[in-house]
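Chain naming follows the written order as A, B, C and D, and within any one chain the residues start at number 1.
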Amino acid sequence: MPAHVPKDTDFEGRVRRSFARQGVMETIGAVMTQVAPGEVEIAMPVSAQVGQQHGFVHAGIVATIADSACGYAALTLMPAGTGVLTAEFKINLMAPAAGERLIARGTVVRSGRLLSVAQAEVAAEGDGQRKTVALMTATLVNVEGRDGIAD
Amino acid sequence: MPAHVPKDTDFEGRVRRSFARQGVMETIGAVMTQVAPGEVEIAMPVSAQVGQQHGFVHAGIVATIADSACGYAALTLMPAGTGVLTAEFKINLMAPAAGERLIARGTVVRSGRLLSVAQAEVAAEGDGQRKTVALMTATLVNVEGRDGIAD
Amino acid sequence: MPAHVPKDTDFEGRVRRSFARQGVMETIGAVMTQVAPGEVEIAMPVSAQVGQQHGFVHAGIVATIADSACGYAALTLMPAGTGVLTAEFKINLMAPAAGERLIARGTVVRSGRLLSVAQAEVAAEGDGQRKTVALMTATLVNVEGRDGIAD
Amino acid sequence: MPAHVPKDTDFEGRVRRSFARQGVMETIGAVMTQVAPGEVEIAMPVSAQVGQQHGFVHAGIVATIADSACGYAALTLMPAGTGVLTAEFKINLMAPAAGERLIARGTVVRSGRLLSVAQAEVAAEGDGQRKTVALMTATLVNVEGRDGIAD
């Protein structure tokens, strides 16, 4: 894959400001730990507040950080003023999302004129171990000139 | 599709007790509004606490209630002692998840020996209107005799 | 879902002419059996030429007729000169694709400005029985003014 | 990801014999070009016989070789007598499948007791160029002791 060249020199500031407006991230305790052209990493602690019935993190919450990692990875490559919206995603849950914290790393695999495709890997960390627990593939729509969807 | 016949007469109690153990549902304010053989409905209020950067409900939270609706719809048809885990799901976000509340309705389309397949439709309600905002298809694994995964 | 109103009165002719250009359909013996606004049906005989190792129709061939059913269902609602391309699809194979023939019925669930979403159900017929064997959800991109992608 | 250790020393022979029974592969001219533990490669020529209306390879045929690459990659890791069936897959078509030939490379990302997860990348080659045109994620069910589903 070729190295990604951002069209907006302020890509990191833009992505971090947008992430700060995602109310859900505060609710689940997620933070953005890394931003690079075409790549974004989000981390969150494992807790009962985001749990399902067996004590693992709920698949939808795993998807929440994976989806934001994909979307913001795509946004790093957009020109200023262009936002992205998730059209669809698919996620495979391969192991229980347990441990101390989850890390979702999103990577752009195609940045097109209308659509971007990104993938995320979610790993669970705990007891000095790291294990891949989920893989997502997402399709994002680039949105230009629509009120309120700038970033 | 043939009518579904539950193998466990206490299917509703079992599903409701399991749902009550999903900590994330209290965090996002979701409640189980309906349980029938092969069908489950979950509702949640729209709020900034589950929002993304444009004020809509985050795609991952839409997926959270859709996934639980699918999983519990599948669980209504399992014998006592058999649980279900999500192997994977795919969701299409077709319109912004805005309004007053979201309703996810999950329906079993196949209940097999090892795997179940369920679909969910998520609708947004507000101002007396109702609009389909997302469609999910999920694959669930039936889990028998594994400690801690009973329901 | 509201009734679909085609923007091109010749939608059926356009869809049938385009289908006739899909060389793969002749290769696998598939025919278009029905065209209506937002709905298309494609049928094909089950044969060893499209089989996998156990004698069932290969999942990719099941996907081939389901994808065309989705794409052409979306095309029935496009204005003249606008084509559609599949951005992605997901298919669940719920039962072996066996019997005498397969029928894929594609239905539009959202027809937007840039993207369409369609779903297909594939049924297997044989011995006077009919069984759903697969469900697909597809995202299509509307393509306007690009050479060679008119229909 | 840890290196994969096959449980059946004849994994390559088993996979190649099974592939030879997939009638569809002869129909579309596909051949198995590589077999290694957890990895399989399949190649096919681009031709009008597998084309869609614009002359590209039909998305369903791209999916056909990607699905077999995923399934056989999973089968390399199964004990003798255990087969795999595709439960579901999702594919993103990122560029037109054109050129001289397509190469699908399938890789196992998780090999579990009941389910395997594999991913495939499909590249188009032509004019000395190579371009990724599609990405698939597939869920496979391990099938043991069912008549006719041995490999």
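The rule is short, and it goes like this: a residue touches a chain if its C-beta (ideal position, glycine included) is under 8 Å from a C-beta of that chain, and two chains touch if they have at least 3 such contacts.
Computed from a prediction, not measured in an experiment: that's the story for all the values here.
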Maximum centroid distance from chain C, chain identifier (CA atoms): A
Between chain D and chain C, distance of the C-alpha-averaged centres to the nearest whole Å: 22
For chain A paired with chain D, centre-to-centre distance based on mean C-alpha positions, whole Å: 28
Cα-centroid distance, chain A relative to chain C, in whole angstrom: 32
Residues of chain C whose C-beta touches two or more other chains: 87-88, 90, 92, 139
Arrangement of touching chains [line / ring / star / complete / other]: complete
Touching residues on chain A, where the partner in the complex is chain D: 1, 90, 92, 94-95, 109-110, 112, 117, 119, 132, 135, 137, 139
Residue ranges of chain B in contact with chain D within the complex: 87-88, 90, 114-115, 139, 141
Contact footprint of chain C on chain D as seen in their complex: 18-19, 21-24, 26-28, 47-55, 58-61, 63-68, 83, 85-93, 148-149, 151
